[in-house]
């Protein structure tokens, strides 16, 4: 069975700061209740970001073996480093969650159809095991591995072809494969379409949020779903059509307001459109050789969402390949309402 | 007399792109009508940004000697490189503009009370000469010099003390001195307070927008004011209280909507709050040794304003010392209304 | 006929500094004598480096139409911005030079076999026209175009395939194609091998030095050769086997010392080895998402050569694809000797 | 008594890689023999470099409580991440070492005369305790704290003045105070001169190597000295006069060669000269707003020393304030000789 869960979040003073665990306990949950730790912390969020590894090293001994950690770095602009906890509740809350992992991916599998297939089968297996209906899934968060120079070397030495030799690009390939796997598992695309989706690089799910890091070899999976029959927590899935799509955010916030709710956390993916333009106007994120485009995109979308929500502790993650439409990104908002009533579909 | 003016803006393909001049001509204005060219183009907007010099070199031969150029670089995130023209009109438009320059500032004067005094007297002189009432001023745009390593060396060799030996910091000192000068000229602070304002570093004007660059020795000044008696162009001055102050922008846009108007251009200043927090939550802009805080701040605030306005060709400029409250920034919005009526003060 | 030439070099205070022209005149040469201006100036040397465009814009009006400009940016570490002039002499100097250009390359041709073919035929044509024997060539300097996001877009809109969509990578592809073209023209590889060389990406010439920039559409070519029969200027071609190959530099400097000579200028190419190691030890240049590997490599090799030569005004250029062995780079040293005698081959 | 020590070094695959401990054991030393772990690993080596914290977190549980860790990050250019161990020997080796710590420094003390005083007294205390003569000291390595935005805030909230509010600059202030403390302890300057040395910022020791990091509150101290009466390990202290001072390195290497020795490890400090020039030629390290000058300097000096020594696993540390002459840096070389004989002073 899936766990009924709540969402807590707390600021951190550095990637090594585990003091939020105290706050979790003060809030009435001991560590065994933690299903997932989802961190957003400083660091460039790129290949040589060891703050993810640091967070993993300090957090993993403190939480149950079954819990997953998803540390996505990069708090450019106004974004504030923080940790979000998904904790188990005894009573129905309106939100369900379940976690799991794929098998270890070999370096030559990262970013390939095999990677997507592993994600699809693991997500599907978790849904079946926990009896979560795929229609009710609001968000599938995945942390997946990337290729370092070392892994590229090992792969080539073994006469295998890495999906790319560009380590930064491998992050994008890995995210895309994960997103395609999610789309298959959620029935957004058919399984037979997986290979074609890997080729066209234009398939997307609005419920996927994937980030890649050097600190892991397998993929961590966290699924959050709505249980509209009960509780006072709600989730909305949507997507931004482009990087300045304020309207969808305003619509979601209107719905929260209508329900007299309060936003708990926003999960959004950001990316620089590959065609170099936004609504026909040129952007420069892809031509900046000093700052990677993922950093630009997080800063910009973070500024927009933080301004509208009035909160800077948001999970804005860069690199939206397959996660929302090209140039836009997936968006999931979780909130609490004063009086329980059922989740509305976002029009 | 001040010139009645219109505002035009066009995208550019690079800092060397002067093709917008053709569009200005197609719009019915020959080059002699240009009062100011205000560029926002790619580049890091910091000490070693030669794209400003490039823009200056290619544009200055094409415009009247009396016209000023204000190139502020840095189009981080979604921002789109473009050029804004202030052009003279024969008929009353509702907007007035006037331009001028200070004398050349010696390196040891940059960022000092003398710098502020020169700005104050030049702005005041322009207002008197053009008969613009200081109450009607919406925006004073200033481009001022900075200290390079070379200028620091020259100053010290002459046994004089530069305001700082840190070239990046000199940009901030120069902007602040310019802003204090504007505050004095607009009567926001008394002239006798100038020295104290230079010391406390907390004085601010909501109508100041200052940027510094290595490509000039004097200060370029452009004043834009409203002439509420006529025309269909309007200006609103306001300020953001912090870097995520969406409310003030929504209020301004509401007023524009009320007047059935359409936004022509937004001039906003952005900065990372010096105390390291936004609404009590930590930000990391001041601790990032890979990306300067001005770049972070432009990206974030650019994302917010672009999303709300639905336009990425905006003049978002980094470094808001003295230009709006600490951590926030000055904001001026110019727009066109269907039917002429007088400007409203923003409450 | 090829021109007999001398080499002059002068520091610059910025990419816009044309004051060296005065020094050239003081040295007895009027501008019509200038065959080439080879600049090394600050800037990141990557896609969004507009300092190259700036240098081109300020220098081109001052030099003959027939002269070529090759501005390679990036003076990381100890390197000092400067301009090298190749000027015509009436008397035999021991050095010959000739310049030319290819036709404009279409965006879809950049970095392809067609690009290499155009270089090969243009270099060969220049050698034939000027009667320079290819055995005597010390260095072929090429400046070639790159792909910007805009050019990628245009190419795809025309249903053509750009060699890559990664703008930074296009710089590498362009340099490699130029180097292969040089290798063909100098007879280092057979013309029939050109396609294979483009495929294997491991072919190299020790006399090629290629850099790419956004500021041009055709390729600029400058050939410098020795005329061992006369004069007191000499050239040596060699190559560094890896990025820390001090021995080859010490050997070249020994030869200069043996001839009681003095180094005038060094042209070296630098790159981060693609396999991620130097003499079996890991380097981190390819995994650094904050600083591009070309910047790292210029800084490191610049430090080594500057230390040994005792001069920081050196032409160290990043991106050595096809220019010297993988991980190393081509090296050409020009020097003056007290008493004329013939050039020695470097063993 | 001081420990007789040997020096071992091994490459690491990331800042989290503790596999060198296995190599230490294979070499015959168990962990209790480790006196110090001196790491040089990737990371920007600046304020937001969490790889130092990561290394500290993974290493400290594996080594004795009495051992010190000094992780200095930044392996720009050709430098290779590695860990150097100072291990105790039973027999006389020719090298002595001793470690210790200062008390915790309050944020407002960092970079002040009090900081220097604490270093001086701790170093002196260690020398006395271990009976090491200060004349025989080759190197004092110090890791000292820096100011983060948070610490600046705490200090100001307590109505105390931090030495600077610029977090990157605090690294330099901290290193300088540590170096002055070393100079006092080694008798290079008189104790009564300490305050003046803190003011003039031009005092230096050629045996100081200090780096600052966010991961500690006290200062870690490691002293390495020669015991010329015995053993086959040797140390030489020297200094580079500027960033391209190849001569001093060649002289040291000549001495090693004369003694038929082999270099074990080089400790060098690197910095960009504050006056913006090297031997009268302009450098651009202080004007680069994309890459901090410490990163430039490490890359350049690393390239030079690695080339001459033929090894990229070197301890080249940025920020040489007070550690060698301005623009240059301290230099210590440790090597093994075939047959024991006494250490020679470097002329």
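Observations on the model:
For reference, chains read A, B, C and D in written order, and residue numbers begin at 1 within each chain.
We take it that a residue touches a chain if its C-beta (ideal position, glycine included) is under 8 Å from a C-beta of that chain, and two chains touch if they have at least 3 such contacts.
Everything numeric in this text was worked out from a predicted model, so none of it was measured.
Set against the Cα centre of subunit B, the chain with the most distant centre is D. Set side by side, the interfaces A-D and A-B show unequal numbers of C-beta pairs in contact, with more at A-B.
Rounded to a whole number, the gap between the C-alpha centres of subunit A and subunit D is 41 angstrom. Averaging Cα coordinates per chain places subunit A and subunit C 45 Å apart.
Separation between the centroids of subunit A and subunit B, computed from CA atoms only, is 38 Å. The set of subunit A residues touching two or more other chains comprises 13, 42, 44, 48, 150, 282, 284, 287-288, 290. Residues of subunit B that touch subunit D in their complex: 44, 46-49, 148-150, 152-153, 165-169, 274-276, 282, 284, 286-290, 292.
On subunit D, the positions that touch subunit A within their shared complex are 13-16, 42-43, 48, 50-51, 53-54, 57-58, 150, 214-215, 290.
Taken together, the subunit D residues at the contact with subunit C in this complex read 11, 13, 42, 44, 75-82, 243-246, 249, 278-279, 281-285, 287-288, 290-291, 295-297, 299-304, 306-308, 310-313.
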